[in-house]
Structures are given as C-alpha cells and as structure tokens.
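In the two assemblies presented below, chain A is common to both, partnered first by chain B and then by chain C.
Then we have the complex of A and B:
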C-alpha cells in the first residue's frame, strides 16, 4: 500500500541509494559540516560581549544554546533550490516526471541521505566542543531528546517546504537561487543562528514569531539545550507552518509542472 | 496503441534584437511571438509496430515525442496512448510507457547503475525476484555485466546508453519512445543497441516510436516511417515510398570506353556529372528503358549501373537543406 505515493520498499530504496550517493561526497560533506560552525563563532562573540546579559542565558546555557543551534542547523540544512534549479535547467527533471513517484520525494531522500552522512562529522565537532568547554557538557533526558528530534525534523520540513516553494518558481524564472537569497537574509538574522531570539527587542520578537524563521533554529535549539520554552506554542507554530506551506507547495508545483510542460520540458 | 489527431503545439518565445538598443527595448517592452513547433499532425500506430520518426533539427520530432509521453501539453488536438491522455500522467499510463532521450540521464551519476535499477524496481512496484530476473535477461541482451556495478561516471558512452536503456525498460513498458537512442555511439555499439531493440520488440510486442539521425537505425528497425517537416507531417508510410517521393528519378552510372562531350547526352535524362569516362545521369522511371537502349546504341559502354538514390543520402540532403 502506498501513502503519498510511498511504501516501505520505495523509502528503503530511495534512502539507501541517496545515502550511498552522499557517501561518495563524504569529504565535501565533512567540509560543509565544518563550514556550519557559525554558531560557535557567534558564541565566542557573545561570550566576550557585555551585551550577553540581554540574552537571558547564563554562560553554560549560552554554550549549550549555540551548540544546539549548530546541531539543529546540521540536521535541517536544505539545498533544495540549488539542486532543483540544476535539475530543471539540465533536463534531469523530465525522466523524474515520467515515473510514478512525485519528484519531490527524491529531493527529500537526498537531504535525509546527506543528514545521515553528516551525523559522524557533527558528532565529532560536538565532541571537540565538549573537550574545549567541558562545563557545557550535558546529556538531555530521553524525553527532551525526542522532543528536540521532532522539533528539528519539523524545522527541516518547514525549511524544505519553503525552499520547495521557491524552487517551484524555477518553472517560471529558471533562476530561483536569486530569490532564495532574499529568504536567506531574514533566516540568518531571525532564525536564532546569529543570536537567540531573546537578543532582539520585544517588539521585534513579537513580530518575528509570526514568521517561520524562529522555528527553524531558535525553538528546536532551545528544546535540545533544555532551556525553558513554550512547547505547545512552538510545536503548534511549526505544525501550522507545515500545514500552510504543504498545500501551497503542491499547488505551485502543479501549476509549475503545467507551465514547464507548456514551455517544452 | 497510439492515436494522434490534429495535434499542434505553439510556443511563445521572446523576440529580442541584438545589440544594446535591442537589449534595452527588450527590457522595457518585452515582445513575444508564437512559434509553431507542431501543426495539425495526425497518425495512428498499432500495437507492436516499430515506427521511425524522421525530420531535420527543429522539425518538431522531439516536441511530438514529448507530447506523446506526457511531458508537454498540446496546444490543440487529441492524443491517446495506451488508452490514456498522456498529459494527465496517470500512474497507470506512466507504468506502461518509457522515454529514452539520448542525452538525458535517469541513472545516478556517481553510483553504479544497479543502485538506480533497485530504485526503479521499487518505484514501479516490481517484486525483487522479478526485477532480478529482468535485469539478468536485459543485461544479457545488452551485453552488460560488471558494468552494472561500476559507477555510471566510469562507464563509456555506449555502456551508459545501454544501462539507460536497461533502466528505462525494467518495468517492461508497452510503449517505447526513443529519442536518438544511438546518438554519439560508435558503429558497434549502435549495432548492438539496434539488435537489442529489435529483440525487445519481438519478445514483448512493445510499440516503438524512434527518432534517429542515423538512417541505419531506421532502415534496420522501422518498416514504417513518419517524416515531419517544419512541424507538419510530410510522409507516413514505407521507407521506400518515401525515397521515391523525395527523389522520383533513378540514378544511372555509366563508364564509357572513351570520353564524350556533355551535348552527347541530350535527351538522356538529367546529366548529374561528367568526368572523363564516368557519367552520372538522373532518369525518370517511365523513360528508363528507352534511355538505356539509346545509351547502348550511342556509346561504347564498359560498365552500367542503375540505382535508386540511397535513402540516407536523400534524408541527409533534406536535413542539410531544411526544405522539401
């Protein structure tokens, strides 16, 4: 039986092949993992700054927040727009459209394959962090870990859907990466990657909470680091964004494929 | 199996003049024009038929093929393939067709073809045992062995094309759309792919629509050809009938014992070339007997040959000229 066009065998085959594919790029992925150390740079900046009191996080909590932000980012990185744009321009999309499986599943599988490949590198970097900052070491409770895992997955789902929405514009513009840059700036500032959301003035915080950005890093990182956080509001917002974006992506995709087909595929 | 009725496709393309002025005008006021890729094309293909699809570059072959497999929406007209409207891309339709495009890949570049084949088997719901049997059969026919476990990027073009064919045929489609399946292959690889396609058609009774720039593909595989020109269907029928339609004259080659002036051939058809003792004439079939009798009477002939112009030469000329 297929659910959303998938069954266990397809999932296994897709994940297996995409994991094998990503392993071919393990050296590159290790570098990507290393290049994701922005939260650690921000940690060192905030640690030496007088403004850290405004964050509402003490020394160890701040260490744990940025380590969690690093880990959440590692497992919610999405490069859908780049991959899709290349496939659409090089015509690789056409064979996918002629198979009885929604092409988006292939991209989901390659992201998950990549996350699996990143796992040892991310764990290694976290290990080095604890060696340098032993006071920050903590093991989250099983419940806390599971909640953080779900929150990270939801963050990945939101980021994937957001990028899929932009990627679908490839059907019209062919250069969706330019649009993706528009999304990157607010993501950088409001996701919690540079600073926890509490660093912003309350009015900005109130406004940003209506966007998907704080649910991409800040919320899951706080859950993972064991910080006090409104779980119901956070998970509710994540679910709401997924439920809002999913039909939008499917609608835009359908219209886009129609357009792609009209323009010559 | 395939019914096409008054099929047309029009693209709207930007019309930009060269130079800075043209660029500025294009930026401020974008002008577009309609390009008719396919116009009023109609034909039917019966189950199990192998049909060649010919035409110069830009004639509308690939656009038609893409409409038949559902990648492109027609602007007007009707298409039915295996009882489905292709553009709806119903899963049942997708399971019954395949499209092989010479330069487009469905195999994962960095992995061995076997990994992509496993994914295809799962996507098409082919049980593992059946998939393994089909892979063994098809790889045997295609002469693929350890290539299936080598990364695609390490395979030669011919090996890659054969692996692509295997991936495209794993689900045993009833209708094959093949767009330049032998493009870029060496002569031996072309021959093997041709042989494979003939075997596949014989074994499974699949319907095949094939485009190729290599006339050898068409002559070896397709008793019937469709010739499309400037988006319109010019010929639908046997290949030899196409030859007589494209070039109704017969070629007569003479080798004379002694050279003769051009005037000596007046009334003997059209003089194509005259070089020392070698003469080439083009003659209407209806006057061939009379011309040959007169030639033998007027000249001392060492050798004489009467030929139909080779079809590949005719099509080649047609493609080069781009006009009929």
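Then we have the complex of A and C:
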C-alpha cells in the first residue's frame, strides 16, 4: 500500500541512499554547520547591550534562546531551490519525472539525509557552547523535547514548501533563485535568528505574526528552550501555513510540469 | 602596467554586457540590496532608544560602522564572490590550465576576471550611509581626514581580499572546503556593529585573528577623529602581512596544482 506514493521500502531506499550520498560530503556539511554561528555572534551582542531588558529573556534564558535558535536553524535549513534549479537546467529532472514517485519526495529525502549528517557537527558546536557557558546548560523534559522536535519539523515543512513554490517557478523562469533571495531577507530579519521577536516594536510584532517567518525559528526555539509560549497558537499557525502552501505547491508544480519540455527547449 | 589596465577594462566591460542580458535579475538584485539595508537598519535600531548606546557608540556613530560594513559587503558581492568563488570550478574542471598559460599574472586573472554590478549599488549606498552618519555626528571632512579615511578603507579592502583569497586558494587541494568562505562570511557579519559592543575575548579574536575590526570599526574611528596611531600602524602591518601571505600561498599552491582530477 502506498501513502502519497510512498511505502516502507521506498522510504528506506530513498533515505538510505541519500544519507550515504550526504556522508560523502561531510566535510562540506561540517562547514555549513559552522557557518550557522550567526546566532552566537548576536547573543554576545545582545547580552552586553543596554537594550537587553526589553527582550523579556533574563539571565540564562537569552543564552538558551540563541542556542535553540542555532539548533532549530541547523535542522530546518532548506536549499531545495538551488538543487532543483541545477537539475532543471541540466535536464536531470526528466528521468525523475518518469519515475512513479513525486520528484519532491527525492528532495525531501536528501534534506533529511543531510540533517542526519549534520547532527554530530551541530551537537559538537552545542557542546563547545556549553563548555564556554556552563551555567546555561539545561536538559529539556522529554515532552518539551518532543514538542520542539515537531515544531522544528513543521518549520522545516513550511520552509521547504515556500522554496518549492519558488522552485516551481523555475518551469517558467530560469533564474528563480533570484526570487529566493527576496524571500530570504524577511526570513533573516523577522524569523528570530538575529533578534528574538520580542525585541521588535509591538506594531512590527503584530504585523510579523501574520507572516510565516516567526514560526520558522522564534517559535520552535522558544519551545526548545522551555520559554513560556502559547503552544496552541504556535502549532496552529504552523499547521495553517502548511495547509495553505501545500495545495498551492502541488497546483503550481502540476501546471509547471505541463509546460516543461526538458533541456534545450 | 598599461596592458593590465586595458585587460581590466575588457574584463569588466564584458561582465557588464553579460549582466545586462538578464535585466529582470538586475532589478531583483537592486531590490534585494535596498531591502537588505532596510532590514539591517531596523535591526540596528533595536539596540538603540532614548539614552541607549551600543558599546559606547551612539546611533549616528553606529550608522558609520553599518555604512562601512555595507561597502565591504558590496565589495564581496561585486568582486570576491564571483571571482574567487569560481576558482573551485577552474580546479575541478581543469580550466585553470588555460589561465596559467595566459601571458598575464594568474592571481590578477582569477581575482578580477568579472564583477557583479549589483554589488556596486551596495558600495554607493554604504558610502552614503557612512557620510550621513558622519554628517550627523558633526564631522568636518577636511582633506587630510578624507585621505586618512580612504587609506584605512584601502587597508580594510586588502585585508578582506586576502582573507577570501587565502581560503579560496585552498580549493587547489581540497575542492570541498570551498564552503569555508561561508564561515568567513558569517564571522565577518560581526563587523556590522562596533567592536566595543562585543565581550573582551571576542574583541581580541576580531582584532588579531580575523581582523574584522579593521574593516569597519577602525575606519569609522578614523572618520570620527579618535583613532590612535599605533592601531593604524597595526592595520597597515596586518594588511601587508595578509597580502604577502595570500600572494605567497597562491604561488605555493600552484606548485601543487596538477591539473584536473588531481
């Protein structure tokens, strides 16, 4: 029986092969993991600044928030549009389209394989962080950890769907990655990666809550760091964004594939 | 020398012509530059408020730092990324052979072959922002001050180039370490804010190991007329040292280059 075109054998083959593939690139992935140090730089800046009081994160709460933001980013980073653009330009997409499996699953599997490869490096960086800041060490409760895991995967799902939407535009324009840059900018500033959402003026906060960005970093990071957060509202918003984006992506994808005429057309 | 100058004009002329083929792309890039600067300013403003400072720098002074950061971010987009980012491809595909056979210095060729015009708009915006910040801080721009600032910006540009080049040149051995420039980029992002805003240990790291301080904070201090002479001398020494290291490392790396699939 296949659910969304998947059964256990297909899942195992996809994940196994993609994980093996990603392990080959472990040096690269280690460097990618290291290039996510921005939250730590912002932490050192925020913790010494006069503006810290307005964040509502006292003492070690700020350290934990930024460490959680780092970890959430590590496991929700999406680069699908770049891989897809290359596949579409070079015509590698054609054989994928012939397979009796939605090509998007292949990209999902390679992201999951990459996350698994990243795990030891991200854990290592977190370990170094705790060596430098031992007072910030904490072990989330099992329930809290599971909730944070789900929130991170939901964040990954939203980010993946957003990029798939842009990737589907590759069927019409060859330079869709330029649009990804425009999407990345609001993500960078409003997701909570550089500043917790509470740092922004209330008017900006109210407005940002209607975008998907705070649910990509800020919400999962707060769940992971054990901050008081409205779980129902957060998960509800995440689910709403997934439910909104999924049909859009599938529709646009189907229209795009009809247009697609392989390489050189 | 004249030959290099003529070659450079050809390089950039063709680069510009290529870019103009993708006009929509240029518009998107320009929009991204403006949005990025707007976001950075919004983020910076979060640290300030009535009576608040960031590491002893007030809003207008911090704008100078942010402006210089934008200038060097533009330099990265315009020159470093498109040129030095391509070295790894030359090595992988073996086309570095063709570069080495040309009757022109290979480092010159790989460093200046092309440029991305979108970065130039960032350079201009950054200079404008720094100028505005200086004006609001009551700086009177005398010719000697202008010369000093330009000298320090050149020192900063040499340091930035050398850091990038050192990492990019390692791709002669390890094709896969190209992503190390992303790590460098992440660390350099700390230059958006004045050095004094960071804890002491990071300040030392950002001054001597990865001299981010000399990219933005030191030129801003020169502009505000409060830089000390030993610090400026250290900047020159670091720039000279890093450039010599980059040059030496390139010549050393080329001796180990054995064409494609090595």
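The criterion applied here is as follows: the second predicted complex is superposed on the first by the 260 of 265 C-alpha atoms of A that agree within 3 Å, B and C clash if a C-alpha of one lies under 4 Å from a C-alpha of the other, contacts with A are read in each partner's own complex, and residues count from 1 in each chain.
Methods note: contacts are C-beta pairs under 8 Å (C-beta built on N, C-alpha and C of every residue); 3 or more make two chains touch, one makes a residue touch a chain.
Predicted model only: the values in this text are computed from it and were never measured.
J.: Thinking of the overlay built on chain A, is A:202 touched by chain B (first), by chain C (second), by both, or by neither?
T.: Neither: A:202 stays clear of chain B and chain C.
J.: Should A:21 be classified as contacting the first partner (chain B), the second (chain C), both, or neither?
T.: First partner only.
J.: In the overlay, answer first, second, both or neither for which of chain B and chain C A:49 touches.
T.: second
J.: Between chain B (first) and chain C (second), which does A:258 come into contact with in this model arrangement: first, second, both, or neither?
T.: After superposing on A, A:258 lies in contact with chain B but is clear of chain C.
J.: Touching A:98, do we find chain B (first), chain C (second), both, or neither?
T.: First partner only.
J.: Contacts for A:182 in the overlay, against chain B (first) and chain C (second): which applies, first, second, both or neither?
T.: In the superposition, A:182 contacts chain C only.
J.: Let me test your reading of the model: by the given contact rule, A:134 touches which partner, first (chain B), second (chain C), both or neither?
T.: It touches nothing on chain B or chain C.
J.: In the overlay, answer first, second, both or neither for which of chain B and chain C A:13 touches.
T.: first
J.: Mind sorting out which residues of chain A both chain B and chain C touch, each in its own complex?
T.: 25
J.: Tell me, which parts of chain A touch chain C in their complex?
T.: Per the stated touch rule, the residues are 25, 27-28, 31-32, 34-38, 41, 44-45, 47-51, 173, 175, 178-179, 181-182, 185-186, 188-189, 194-195, 199-200, 204.
J.: Which chain B residues qualify as touching chain A in the complex?
T.: Its residues touching chain A are 11, 37, 63, 66, 69-73, 87, 89, 91, 94-95, 97-99, 101, 103-106, 108, 110-111, 115-116, 118-124, 151.
J.: What residues of chain A sit close enough to touch chain B in their complex?
T.: These residues of chain A touch chain B: 9-10, 12-14, 16-17, 20-21, 24-25, 91-92, 94-101, 258, 261-265.
J.: Can you name the residues of chain C that touch chain A in the complex?
T.: 22, 24-25, 28-29, 31-32, 35-36, 39, 42-43, 46-49, 52-55, 174, 176-180, 182-183, 185-187, 189-190, 193, 197-199, 202
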